[in-house]
Each structure stands twice: as structure tokens, then as C-alpha cells.
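Here subunit A shows up in two complexes: once beside subunit B, once beside subunit C.
Presenting the complex of A and B:
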């Protein structure tokens, strides 16, 4: 929470509708996302009840499990889901393009779920299917373990800051809009959308209140409404179990299909509406770059699995965990800086915390040179007057998004005696001004120019070195045992109950 | 005195049956110790869902029968045949050689389920020196809440070995690859901590020192996607500290009742408007988190509309802890001079306001 968000929230309350928290969209929105609304049975670790899934709002596929506690039916569900997900993933591998000297797929898959619960469902379904065996006792369809690997890959990608291969809509919407209700209430997709795009001429708070009634707006899942469970679903499952012949079974099945579809449909349409709203925001300039990284990750995993079709480990080994943490830290760092440089409102957070400042150039010495070294260097000075609560000290390095290649060092900060703003900041510039002792035109900020400087820098990305897994030091448990599909523990997993 | 108090609480409750405290209600109460409304309702044993329904602010806190059935089946399985599965787990996980294990169900005393009787029976059995027992199911414990002793609906097993007692909690959420849903583990830990404190109090009355009850509770849950139970030690020292502090912060119920009208009654047999009027005379402290823990939360939220707190404690703090959204807006717009303690926060608000105006123009 920041002052900026808090102010946006009171304003949203006053207006009775959500207000923007960003001027740019910070995620990639695919032209053909795979939208997924899963429902699971209460009380079970991960028992799918059914789902709506598809790439076309007008034609969702409906999958339903008649008795979620029945193991055979669960795997039949997994096999049906696999067919859809794998076809979608394959659809992203049809063409390759050259990027920075390497071939990458022109597209990558994007899974869209309603909320973080949908990601967790994906993770658990991935976990419960990727170790399944396709022969021997309890065999599953060959596509089931492949589905498990992909679902796991999707779920893991959500940990990486800036990745867009999975969008959990409540999270993404809250990044771009502020509502007049609490974060806890924002976790309900319908209530959140009620503030952002109220329906039927309602105000935001009225729509949100309506959205809290599960009889009007069924929960976005994966958890269902307990009253629905007790009043409707329990009877349907019982009717299916009681049905004696095929006709009775298929009647029961069709009723269940219709009822569950009714539970998921409002969320389905709401999700497409949310996607359209996000698409309408102009993308930040770095979204393309991050999506390329998603495509590179996708290409890498497709190529890896082509030769090594093995499931991700249940728990990372020490080396892999350290490598992943390193990647995530870098990604977070980069995405924070990129967002600030792309979006004035993201930058405003840093201005409020004193790590950035905005102001006008009030004095300028564009031809100043520094002769202290062996060779005379061009080091212009400018003075920026700012009303921001600056917290930078002399010696700090700052950059402006207007001239990203140019480095500026704070060489002096003058404040009024009573420490009230504005302050006058003297900056010494280097780089990005041409090779001569006179700067190229336009490379040095001119008098009166309004600029924003920030002390945000992506740490230079030298890949940290990690030992090979077979050289894991004893401090980290020593080398892990090699992967062997025939191992007892894997057998255990292959046969473990799914109930 | 106590009789007068009981009589007064009975009047507040009306003729509905009393709801007993359990570990869950106590952990909810201590998560918002400043809420007098909840404290009085809980002390009076009010059926909050019925009350909320009566005044037109129902909050569905229903539990799915699937979850209940699953929980019951798992618990029954672990406890079957004199806790056979549980004993196997304890042997494996505590590395204990348990040559002889006794199992005693304290659910009733000779067909009588009177609380006081059961509490005395629990104390006698848990503290006996000759032939000490090993597993005690449903022990009846008490805890002093807001200056009043309350019985805890027992939903635990107490396990004793060599004079050391452990709380055993059976929960049906899965632990997958050694990891479980953090919020569920946290809830289980705080509930277990309530029992640890209550059990220590019970033993203290027989001069058994507090460290006889372990800080590590034993959580029994299904492993991965199966029904096989797995036992895990959960260290609840942190929860104990929090609970003790929060319990000590609860104002005594006598003092709370002195703040409200003598004839106060939340009896659902009375007209809704009259009940609402009485409810309003008890001070509440609504926070959005109440929506997860208190059945009356929608009523309190409605009452709190337009306050900064209703958007969350963090939002209220950023807004310089001003009470209403309206004041915050006036401070941000600069149409209201800040009070001395609001100067710093107001400066940030105004700056944030102007930055939003600058970037968004009319969309701000």
C-alpha cells in the first residue's frame, strides 16, 4: 500500500467507480488466450468438478466430472482436458522466427484464470497428473502426464515477475485499477469488475454488493458456494450414483452438466470482459520485450522436453532452487524499473518515496568540461528545481527515461533553510552526447525542460555461477540422487491414491 | 455477582440456546481484541448467523457438506480401533516405543454430558498418578476469556507420555510434498495454541508445571492426494505469545457491560429494528478481515461505509489515520487544513493527489 494507491481508493469511493492505477498496461494480452474456469470439490485436496475452457468466448468447452471422488472419472477428465490444453500449446509451435540470432516460436501460450486460486488449482492438477504412469497398474492416457508437465510449467511461471504466460485476472486488474473497497473484497472477481465496469446502470458499490450474492453471481472458483453444494450439487451427485441404467445415468449427467455450466458461465463472460478491458489499455513499451522472454522460455521447454520427456521434480534440488531464485530476483528488479520508466504513475511511487524527482531545468552549462584526468571530458551540469520529497544524497546516480543512455550524478542538493520543498538539484551528465567536447544538439536538457530523474537501475546482468547438480556442496545436502523412473518413490507416486 | 452477570448475559441472548466458545471463536475474538460488539455477543453465547439473518445482513458462512463429510471420514479413520492409525503415526514420528497405549473418550461422564462434571472428570483423569493414560479424546477444558471462565467445545486429543502432554489436532486439508495451504496451517496452529493454554491452566490447578505441555502440537493431516495420515510437529510458541497478549487485552466483560444500556437485548424474538438499535449501542471495530471471521461483519461494514478503515487498515494508515473518506479527500485536495499530527501525511496525500492529476487529467 502506498499513499498513491490510498488516494486513488478514496477517489474511487467518491466517484462510485474504479479509477486507473496505471497509464499503461504492464502485461501482455494474447490475441488467443486460453481461458480456464475450473471448479473443485470442497474438502478434497484437488478434486475437479468441472471446467469451462477455450479460446473463443462464444464456444467454451464444458468438462464435468459426475462423481469427483471417483478416480477413473477424474482421469477421464484429465484426459479430456489434456486434449484441449495440448492442442492449444501445439498451436503456438507452428511457426518460428529469428530473434537476436536465435530461433524462437512466434507465439507462446497464455492461460487466463480468474484469481490466484485458479493458479493453485492448475498447480495441484499438474502435480497430481505429471507423475502418472501410462502402463502397468492404474494406467492413464499417454496425454495425462504431458498435461501434468504443462500445467506445472504454467503454475511455476506465475512466480516469475513480469511473465505473462498465466494471467490471474484479479491480480492483474488490481495492478491497473483501484476500487473503493478493501483488497480482501477485491479478491472476488465479480465484485472487482462491479467497480471497474458496473452493469445494468448500477454504481460500482451497488454492483459489488450484488456480486457478493452467490445466488446471482456464483463464485469464480475453484471453490464453489457451500449453499450450492448442499442444496443442489449433493443431490445431483447422489442421483447419478443411484441411477441404475445408462439412460438414467445420462439424464443425471446432462442435468449436472447444465447446472455446473450455469455456475461457471457468469465468470466465463466476466473474464472475457476483463480481458477486453485490459487489451484496450495501451501497452507499456517493455511488454514486448518481456513477452519475447516468455516465448524464449516456451521455446526452451518445448525443445528440452522433446529430448527429455520427464516431469518436473516434486521439490527443486538445491542448485535448481538457487538458480531459480536468482532468475526471479533479477526479473523482479527489471520489471520494477521498466514499469517506472514506462508509466508516470508507477514512477510517481518512487517520487513519493524520494528515489525519483521531477522538475524543470532552471540552469544549464552544456559545454562544461572536466580536465582533471589525462584527457579532457565533456561533463555538462544542469540544475533541476523540484517540489518532490527528494531523498537522494550527493553522489547518487540517476537516469531519465527521456535519455536512458545518459547517466547523471547528483553533485549538489540545495534546499530552503526550513527544509520545505522545492529543492535545487545539480546534476553532472555523462554519455549519450556524442564524441566531441560539444554535445550533439538535443542531447543535453535545455532550460525549462521538464524531466523526471530516478535512481533506479537494473543490476548489470552477469549470470551468477552455480555448481553443477552433481557438484552440489555438502552444505546443501550434497549431490541429489539421479532421476530414475523405476525408483521406488516414483512407483509410489504413480500408484498413489487420487481420492 | 456472577449470578447477576449470567442473568444479564442471558437477557442479552434471549431464549435462544447458548453457543459455546470453541478454539475457532477464541482465535477470531483475539484477532480483533478491540471489538466490544463481538466480545459481548460471544460472552452471551449469541447465535450470530441467526442474528445477522434477523437484521437483514446474512453472511453465508455455510460449510459445504462435502468438506464436512470428508473431515469426519478422515477423523474417524484416524481414530478407528482405539486410534490405531494415530498410535502408529506417533510411534513413527515421535520415535516412541509405546508398549501399552490406553484410549479414553471423555465425551460424557456415565451418560451425563454436563460441562462442569466433564471438566472435573477431565482433570481427574489427566492428572492421575497411578496408571496414567495415554490418549484422551474430547477433554473438556476451560479458559478465562474477558474475565469469565468459558468451556471450550473440545475437538482435540490430548496425548500424554512420561508426564509430557501434547495436543493432537486432526485436520483434513492435504499436505502435498510437505507443503500445505499456509492460511489453513496458521488457523490450525492458533486453534491448537488455544488448547495448549487451556490445558496448561487445567494442569496448573493440580500444580503441574506449564512446561509439561509441549509447545509442539501434533498436526495429523492427509498426505498428498491420498487418505493416508501424516503427522507433523508444529511449533506454536509464536501463537502462544500472540494469544496470551490478546487475551490479556480483552476488557473484562463486566467493564464492557457497564458501557452499554442496562436493558440491552439482542434477542432475535424482538423486532429487527429494536435489535439493530441495541447493536448500535455497542461499539464495534470493523476491519475487512472480519468478513472472514465474523458472521455479523456485513452489518458492521454497512455501518462503517465512508470510513477509511472499511478499505483496510493499511489504507487508513496511509491516509494519516483520518476517520472518514470525506476528510481524507478534503486533506488531499487542500480544502481542509491538517491537524498538527496530520501534517506529514497530508503533505504526502496532496503530493500523491497532484501526481495523479498530472498523469491522468480528468481520468484521475
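Presenting the complex of A and C:
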């Protein structure tokens, strides 16, 4: 936790309500997100119990597994879920637009879950369905492996910093608000929403306390309340298993449906409320750019699967792991810089750590030129007075959020001998002023202009090169064997080494 | 002096064994583990010469930073005046004075270096070379290199010598990397770890003697950070000493800490227990003041093969090490405010001090003034780098309470399947060094 977040948390605690950590929204919120509230049965890894899912708050679809221990019913649930998810994904592929010379889908899917647990549920359900076969022994519906691929795609996209194809609401809300409770308590959506948007005239702490009572606010899943498991769910499942005929079975099923819907409904509405809250924050200027990247990723995977309908590998091979790490690191780098340039509260962290400073221009030489090279170059100087605890040294390259394309070099930092601020920073502007020896109007900061300069740089290294998969070097075990779906029988999968 | 001969003989025996492995048509890789200051660069230079002598064609040398590359170029160029050394560089590289020699060529494209006997570049630069194969590569500081970087350059060479210090900082990433945990090709592990997991039969040598660390430091560093692969100091007790030209008029705790370090090679300047911000103003001031005071007292360094009258310890022979960049920046600013006398002192983070060597180091303890002990601050490599850069003495600046902090934060890192256990554990290494420092403690008011 940074010092500023800590301060915000203390303030939130004193005020009894959440305090904003961002002035802009740093994620894309789709007009038509697919909201997903999954529940799983306790005691088994990823045994789906049911879910609420849909794109319309008024009309959620309820899916329920009568006996989660029954594998056939689990995959029947997956088939039902596939129908909804695949129809939603297909809905995003209806129109294409031209972006930077390439066709991309005008929209991309966005899956919204309550918390990181929901993402993990998605990942595990994807893992358990994407390798299933549709013929031979124990076949599943043809849509089930396709669902598995998409759920895996969604879950993997959450690893990429700045991607908005999956929103885990508690994570996104904590990025935008600080509350007066611990990180553990913040992971409870109802408690978190209690601090951000308390209901019934309650204060944040009161609402959060209420949210801890599972009788009023059932857990947002995927784990259920243990008292509910013992007192209600166990009896319902037993009743279903004991039912002798179809009528009795369907009665038991309807009761279970009603009870589970009751468990999930509060979370469902809370999630839509959270989405509305996020929509109300003005988006940061770079959100659009990152969403375009999500749409490009989506377009690429749709086109890839059109020709190669194969599931993602269980583990990354050596080359893919290295490539993915490279992509993720670059994405993180970019999103950190973008957020700071877009949002003064994010920038404040860097000002506090001395990597950025804000101040007014107190002197300016816009027509200064440098004649030391072979050609005379325009190199204006400006002096910015700042009260920030600056830790930049001469030679550092800085940029301002007002002119993000313009690079400036710190050529001098003057401060009083006792190390107190304000300091006067002299900057030499290097580019972005036109081609002549007189700067274009508006390209050089004027006297009195308030500016924030930061030494944050994205590495634009040209796309890194990696060996081909079949050229994996001996240091990394040599080329991996090619993928052969028929290699493994279902029996092998059942006895597979899961360690 | 009696201890000198066997250690020296033992060290040359290991070097000869490494060179013999290179001459032999055999394993595709050879790994040499080297404790701090054990003559790693000397070995790299000798190995490069041996490979050239063997006539195995142009030798590819990989280092991790431009600083390291320039150092190697300097050593190769002066060590082999008859050979042409190629320095492959990035677009914006400006040759440092060290690489300007008659037999050094600096080029941005490897194609222009065909006449060179040895080509040196950073790993990052080698990843941009997309064709050509070299019969031999020498990878220096291989434990600092990430496995994914090795993957990108490994197709450029047939066989390779990997040299590095296993006790230094592991490579790191800012993103979540759990999905690869346990894979033998996990891109986050060090290049040597990946190499050895895929090729467990490669010959592994260990350099047994640290020429840098004095007799006062080698046993402590060896026990704390290399518990299963001990090494000894190349100089015996009393062979490498410091003295101060001036006496303090009224001895302050700062003088006490300096004198303890001069006498024993170690001192712990302990400030009152307090939770502080990362850039703890008092600790920062203490580091700067100790450095300034040390210079005022006119330290002289005595070594067995140096001048009998001693050599003055200049600012360039002093380093201040920290865990975080903002701490280093704060200390630099503080030194700047103290005046020009301290100009030239190196102040940097552990990551950047790796592989460097000074006469005296001042260390801001990573756990000083902290509320918690995270994996970052406990990492054994960090403390190892900070406490093993010195040839004469090391002064550790810390707030009291680290013992209690360690007790309150036992190591709780999750254990993952198929991940080799790494020794030593950071928590234990911290305890070991702290215990070692107790007799040299000087309390600040």
C-alpha cells in the first residue's frame, strides 16, 4: 500500500465513507456487459452449484445443478451456460470497423464477476471443459469445449494489466475508492459497496457491518455460507437424490432453484449498482485505446479459432511463456504511465516519490537554440518552480501530461542549501515544436502556466523477437512435442498427474 | 601468509578444471558458481583467451549491463593486446573512455565485427541479433539474467560457459507470474536455474576463494548466504587493514561506528527503534554523515601487495547501498547538501551495486524502521549484495527492532510443487547477519 492510499484509508475511516483514489475511470465499462454470479459447492474444487447470468438486470437467467457431485449434471450445466455465453460472444461479432488499417470487431465481450474468486471459478470451469471430447466415451455437448475455450480466454485476459474484458468488481472498485476497512474486508463486495454507496441512510461502517451477516447479504460467491450449506442446501440436495419419480424430482429442483436464486439475487443487484457507479465516473482518455486493444485481441482469437478450433494448452511452453511475460510487462508499464498522465490522483503518487513535480513556469526562453551540433537546433528552456519533494537529477527525461509527446531534459535543479523546497527546475525542450527554429504557437509552455512533469517512460522497444516453438533451444529442453488431441484417451485424463 | 598458498592453489586448480572442460569436446554447457569477488571476471577473460587459442572461431561474450560490458572490454583489450575485441552496442551508446583502445572496435551491427576475435555485448543487445551461430558463448553474471532472455539468445551459440554468483538477487518482474510457477522453463527464474533443470548433468564448478572480501567478512558472508558451498578469504587476518590519519577530538557515536569498522571490518550503527517512512530522514542523514565523517578522518587502506604507507580511501572507493531507489536519491541529495567533499561517492540500490567493489561500504539495512518484513525486504540476495561489496569494511545503518520485526514475521512464503528449494532462506540469512553484527554495535542517541 502506498503512502497516499494509506492516507486515503485513514480519511475514509474518519469520514465513515469511501474516499476516491482516482478522478477518472481507468477501465472500460461495456454498454452490454455479461454479468455472472457463479456459486460452487463446498468441499470440491470447482463443482458448479448454479449461477445467475445475463446482460439485463431485470432478466437474469438462473442455472442450477441439482446434484453438483454428479458429473453428467455438471456438464449439462456447462452446456446450458455455453448457450448463453456463446450467444453473447457471437453478438459481439456482428459488425466490423476499420481501425488503423485493420478490420476489428466493433465490440468485444465483457464478463463482469463480483470478485477474483469469480475469475478463478471461470478459469477452473474453462480448464475442466475445454479438453472434453464430443464423441467416444463420455461425450459432452459440442458447445461445451467451445465454452471452455472462451472461459479460459476470459480468465487469461485478466492477467494482462489494463485489459477490460473481465471486470472483477471488488478489484476495480478498490482501484477507484479507498475504504476504512482492511483489504480482506474489501474483498466482500457488499461490505465494499457499503462504504462506497451505503444504503438505507446507513454510514459506511454500519452498512459494512450489516454486509457481514450472511442472512441479510449472502456471500457474493463462488463460495457459499457454511450455515446455508448445512442447514438448507444439504437437505435440498438430499431431497432431490431421494425423489423417486420425475414429479418429485422436479418439485425438489424448483425448490432448489428458488432458494439459490434468493442467495444470488442480492449480489446480482449490487453488481449492477456497482457497474452504474463506475459508468458515472468520466473515463480516462486512454481507456478507449486499451479497449481497442481488447477488441483487437478478441478479433484475433475469433479469427484464429475459425481456422484452428483447438483449446489453449494446459501449460505454456517455454517460448509462449516468455512471450506472454514480455507482453504482460509491457502492458503494465504502459498502463502505469497512462494512468498517471490521465489522473492527477495517480500522478500524486509519483509526485510524492519525487519522480514527478508540479509547478508554474517562472521563466521561459522559447527561441533558445543550440548550435553545438552540425545543425542549429531549437532547444527552448523553461524554468518551473515547484514545492514538490523532487528527486530528479540532471539529465532525466520528463514529459508533461499537457503535452505528452514532448520530451524535456532536466538541465538544472536549484534549491536552497538547507534542502527545503521550493526548487527551481530548468528544462530543455527537445521536440514537438514544429520543424522551424521558431516554435509553433502553443507548443512551448508560457509564463505562469501550471504544469506537471513526470519522469515516466514507456519502453517502446520494437516487438521483441523469440525463437519459434520448434526452435526452442537446448537450454530450455528443446522443442516441445506437437499437440495431438487424440493422444490422450479420456481414461488418461482421468488418471492424469495433477500435481 | 601460510594460509595463502593452499587457497591460491585451490583456486587455480578450479580455474584449470574449468578451462579443461572448455578444451574438451564434451558437454554443451559449463557452469561456474562464484561467491562475491572470487575472480569471476578474471576467469571470463582467461576463458575467452583459451577459446581463441583453441581456434574455435569468434567468441561471443554476454554480460547483463553496459557497465559490465565496458568492464569486460577493458579487461580483454588490455589482457590480449594482440586480439581485436568487438564491442557491439545499442544505437544510443556513447563509448566510455574504458573501451577506447587500439584493438577495440565499437559497432552497432554484428556484421561489421567479423574481424574481431571476441565480441562483447549486453544480453539485451544479443537478443536483437537474429542470425548467425557462434561456436562458444561466455555468459557473465548469468544468475542476474532471466530465463526468458537466455531463451532468446540460446540459438546463437552451440556451447556456453555460464559464470555467476548464485547468492545475488534473483531476477524479478513487476507482473503476476504465478501461472509459470513450477514449470522447468519458468521465465522468471535465473538463466542458470533453467539451464540446470533441463540439463542436470552439466559440469558445475565452484570458485572457492573470495579475493575481495577481507578475512573479517568472508566467514560471515559465507555462513549466512552460502551455507552449503562455503568459501574462504584470499587474504589472512590482519593482512588487509584500515587506519585513520586523524583522531576524533570528542568521540561521537558516528566516530564510534567508524572506529569499530576500522578495527573489526564491521560495525552496526543502531538508531532508536521507530517506524519510519521508506526515506527515513534520520537514517538517510546518518548514512550521509558517516560517509562525510569517514572522509574527514582520512582513512588509509593497507593491502599485502599495496604501498606499505597505505593508500588513501577516496570518495570513489566508498559506496552507500540501499534497498529502494528513493532512499538512494534521498541520500544523494543529503550528500549534495553536505558539500563537495563527498562528491564521487557511489549511492545506489542493491540491484545496481551487483558486481561492483569498493573499499568501504555503508549499508542502509533493508528492514530499518519498517512495520513489516515483506519477501522483497527479506530477500537473501539483497542483503548479500549489500554486505559483500567491500574490500575492507562495512558499516550497517539500522534502527533497533529488526530482531523483533524478524520474530514477528517468520518466513511464510508458500511452498510450490516442483520448485527447487532455494537456500538460504532470507529470514535465516537476515538473522545470521544480524547476530554476527551484534558485537560491533554502536548505539546512536
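By our rule, the second predicted complex is superposed on the first by the 489 of 499 C-alpha atoms of A that agree within 3 Å, B and C clash if a C-alpha of one lies under 4 Å from a C-alpha of the other, contacts with A are read in each partner's own complex, and residues count from 1 in each chain.
Going forward, contacts are C-beta pairs under 8 Å (C-beta built on N, C-alpha and C of every residue); 3 or more make two chains touch, one makes a residue touch a chain.
Predicted model, so just to flag it, every value in this text is computed and none were measured.
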(message) With both complexes superposed on chain A, which partner does A:30 reach: first (subunit B), second (subunit C), both or neither?
(response) neither
(message) Taking the superposition on A as described, I'd like to know which of subunit B and subunit C A:325 touches: first, second, both or neither.
(response) second
(message) Tell me which touches more residues of subunit A here: subunit C or subunit B.
(response) B
(request) With the two complexes superposed on chain A, say which partner A:122 touches: subunit B (first), subunit C (second), both, or neither. (result) neither
(message) In the overlaid three-chain picture, which partner chain does A:354 touch, first (subunit B) or second (subunit C), both, or neither?
(response) second
(request) Give one of first, second, both or neither to describe whether A:66 is in contact with subunit B, with subunit C, with both, or with none. (result) neither
(request) For A:299, select first, second, both or neither according to whether it touches subunit B, subunit C, the two together, or no partner. (result) neither
(message) Going by the contact rule set out at the top, does A:345 touch subunit B (first), subunit C (second), both, or neither?
(response) first
(request) Have a look at where A:464 lands relative to subunit B and subunit C in the superposition and call it first, second, both or neither. (result) second
(request) Answer with first, second, both or neither: which of subunit B and subunit C does A:159 touch in the superposed model? (result) second
(message) Identify the residues of subunit A that lie in both the subunit B contact region and the subunit C contact region.
(response) 3, 315, 499
(message) Going by the contact rule set out above, which residues of subunit C touch subunit A in the complex?
(response) 28-29, 127-128, 130, 147-148, 150-152, 154-155, 160, 173-177, 179-180, 183-188, 191, 194-195, 198-199, 277, 326, 329-330, 332-334, 337, 417-418
(message) Looking at the complex, which residues from subunit A come into contact with subunit B?
(response) 1-11, 13-14, 19-20, 23, 41-46, 124, 127-128, 180-185, 214, 224-227, 229-230, 233-234, 314-315, 344-345, 348, 351-352, 387-389, 496-499
(message) Under the definition above, what is the set of subunit A residues touching subunit C in their complex?
(response) 3, 159, 161, 315-319, 321-322, 325-326, 328-329, 332-333, 353-354, 391, 393, 417-419, 464-467, 471-477, 499
(message) Under the stated contact criterion, what part of subunit B meets subunit A in this complex?
(response) 60, 62-71, 172-174, 176-178, 222, 224-228, 288-289, 291-292, 306, 308, 310-312, 314-315, 317-319, 325, 328-329, 332, 345, 347-349, 351-353, 355-356, 358-360, 363-364
